[in-house]
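Pasting the structures in now, so scroll down.
One chain, subunit A, links the two complexes that follow: it is found with subunit B in the first and with subunit C in the second.
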Partner chain A sequence: MTASIGALDTCARLLREPVSLGRGDPRVSLEKYGPLLLAVAVVSAAVFGGVVGTYRGGVQLVFAAVKLPLLWLIPILVTLPAVRALHRVCGVDVDYGQVALAALVGTARAALVLAVASPALWLLYSLHVGYHVAVLALCGSLVAAGGVGLHTTARILPGSGAGKAVANMLAVAAVGVVFAQSGWVLRPFIARPRAEVSFMRTVESDVFSSVAASWRSARGDYTGWDARRQGLLANPEADSP
Partner chain B sequence: MTQTLSPTHGGPQPIVTVPPPGRQTEANLLNVPQVPSVSSSLLAVGGLALFGACTALGAPGFTAATHAALVPVAGLVGAMVLTGPALVAGHLFLRPNIATEVPVAALGLGLGAAGSVAAGIAPLALFLVATTGLWLSVLSLGFALTGLACAAVTLQALAHATGERPGFVFVWVFLAALVSIRLTIAVGSAALEVAP
Partner chain C sequence: MIASASLSGLWLAVGGGYVLVGAIVALRLASRQASRAAALAAVACWPLMLPLLSSPSSAAPSGPLAARIEQCARELRATMADPAAADVPVVDDLDDLVRDLQQADERLGMVDALVADVGGASPAVAGLEALRGARARAAAEVEAVLDGMVELRLSIGLRSLAGNAVPVQDRLVDLRARLGALDEIAQFDHPRQS
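Take a look at the complex of A and B:
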């Protein structure tokens, strides 16, 4: 009972006054709220993932619910050192505890906002919209929630002035790139109606070339897209006949 | 105002230097930033090497990977070694009221900042190299970012310590950037030749 009250109280503070969770000694706050914030982020993202999976249904519902939390947590893990280094170079003295707490609060808040807004997405998907509309709706939701999370993180991190603004811009760029590429690597979240369902596709090309190809297609240039297997995790032999 | 440069107990008479009028030696000596230690400088070089190694994992072939791994260290540390004396000499020549330690310390702080940023973006670079074929872009962008961090912190430290406008230091930054690019091309040419 106490734990559930603590969770509800934390969720209320996440939505109402997230900055209050970052006050005081960051290590103490991280110790006190860290596991709960992580749980809120994972459960909320899993709920949203389950809703995204309803577009295809079946086992894709479980796959999406498992992968969505990873989509939120991988960027934190990968960019945490970069965010700290960029802030310090810009004159904002932060340690790992502060950055980790701020990122965790931002992620938990973004995931929570997505989870509570997921019925709207479910309603849209239940109307049997087209595949591209479904993907666009998912991307829009993620970008909007990501913006909320990054704004919250920036508010919690100490510092002010031009140095913090530059550090925040660089951090947003770094997190954005990793978030986009993580989404690309972990796809599909929404399986095409007639495609074979798979947990993950092979590592091939990157999100930036995909976006460029989509942009060309949108302008009427259907020159195709050579999605080659690239990167350390790719298996280049799979391309050979 | 006088300064004693040797102990006052017994022995030879202390050397007394009297600065020429109009020079603000005392004020500027008070602002001398702490010269970074050798270990912190080595850590910075280690951060640059780590970033280079992470991006080099995506390079095709051993030769290309070796050259790519060396790019951050050779490009940045090489440029600082080659152009650092010019910054120190420039200060001695154009700003004789500034302590010699000031440009040295500023260079050390700049190197530390570059190493810190390089070590920070190394996991990000590893992630992108592992999941994309963009190792060359990651190396270029990351190297540019570390170079910018180095230049910004060096300029900031100098401005804070001297209380003067950067002036000729901008010329030095331009020179150092050109030397860095030349070194980078020289070291990375093998990697660029093999790269698709």
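Take a look at the complex of A and C:
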């Protein structure tokens, strides 16, 4: 009962006044709210993942509910040092604790916004929209929620002026790239209607070529899907014609 | 085939290394008296919990009322968490109140050391009596707040029998405000010292 009250209170503060969670000594706040914020982020993202999985149904519902929290957390875990470095390079003096707390609050808020908005996506999927429209709706939801999270993070981090604005833009770019590629590696979240359901697909190419191909397919041009693995993931034997 | 085997080996090594570092961070946090939830969270998300390692480990409180503060806080937490006191929320305000009490206690400890130091060397120095008086008032306020915490425990016990509502959060906020007033009085006594 008390735990649920604490979680509800934290969720209310995340939605109404997220900056209040980032006040004070970041280490004290991180110890006090960190585990709960993580739990909120994981549960909220899992709820949203479950809704995404309903497009295909069955075991895909579980797969998507497991993978969405990973998609939400991996980018901040990977980019925290880079975000701090970018701020310091731009003359914004932040310590690692402040960045970690701000990123955690932003991530939890974004995931919570996704969970709150998931009934709308559920309604859209229940109208039996096409696969590519479903993918674009998912991407749009993630980008919108990500924007909310990044805006929250930027509000909590100290500093002002042009230096902070530049640092925020660079941080958005860094987090965005890692987020997009994480989503690409962890796919499928929706699963094609006639494809075999699998937890993860084999890694091929990168997210940017896929987005371009998806955009073409949404307009009826189904070319450009012959993706190849590249760089560290390249497999010449398997990819040779 | 060889490429995919080395790739999965790479993933395993990266994943294993990540979890290993997480376990080490969690153990370090546990040894520094961090909360169990924070240590558990560090296993999976150690980059987020890493800053907790750089914070000073919880040193033993050093003020003259440290033991009583700790006892009152522990007993009030236990009372609030007792199943018989169902529906009494464990609120963040208690943590904030205890932190304020510990800070006030640390200031008392500092003043005690100062009085012993200066008073031993030159007992008649100007301002020493004023400092002693201020210290006595501050200590009395801290003691009064601690008494208030004991009264709150009794109220919670009475509530479990009589069923009347106990505004726990409001009481804790009141007690905190009382400590806050102490700071304001200190500022009033020494308005230009900063």
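Observations on the structure shown:
We adopt the following convention: the second predicted complex is superposed on the first by the 218 of 241 C-alpha atoms of A that agree within 3 Å, B and C clash if a C-alpha of one lies under 4 Å from a C-alpha of the other, contacts with A are read in each partner's own complex, and residues count from 1 in each chain.
Assume a contact is a pair of C-beta atoms (placed from the backbone, for glycine too) under 8 Å apart; a residue touches a chain by one contact, two chains touch by 3 or more.
This is a predicted model, so every value here is computed, not measured.
Contacts of A:R27 after superposition: subunit C is touched, whereas subunit B is not reached. Legend: residue contacts after superposition of the two complexes on their common chain; A:P35 is shown touching subunit C, with no touch to subunit B.
With both structures placed on the common chain, the touch criterion links A:R84 to subunit B but leaves subunit C unconnected. Touch criterion not met for A:T54: it reaches neither subunit B nor subunit C. Of the two partner chains placed around the shared chain by superposition, subunit B is the only one that A:D206 touches, whereas subunit C remains out of contact. Contacts of subunit A with subunit B, set against its contacts with subunit C after fitting on chain A, overlap at residues 77-78, 81, 233. Subunit A contributes residues 74, 77-79, 81-86, 88-89, 91, 170, 174, 177-178, 181, 184-185, 203, 205-206, 208, 228, 230-233 to its touches with subunit B in the complex. Of all residues in subunit A, those touching subunit C in their complex are 1-2, 5-6, 9, 26-28, 30-32, 34-36, 38, 73, 76-78, 80-81, 95-97, 100-101, 103-104, 233-238. Residue ranges of subunit B in contact with subunit A, taken from their complex: 57-58, 113, 116-117, 119-124, 127-134, 145, 149, 152-153, 156. Note for the complex: subunit C touches subunit A at residues 1, 3-4, 7, 34-35, 37-38, 40-41, 44-45, 47-52, 54-55, 81, 86-87, 89-90, 92, 95.
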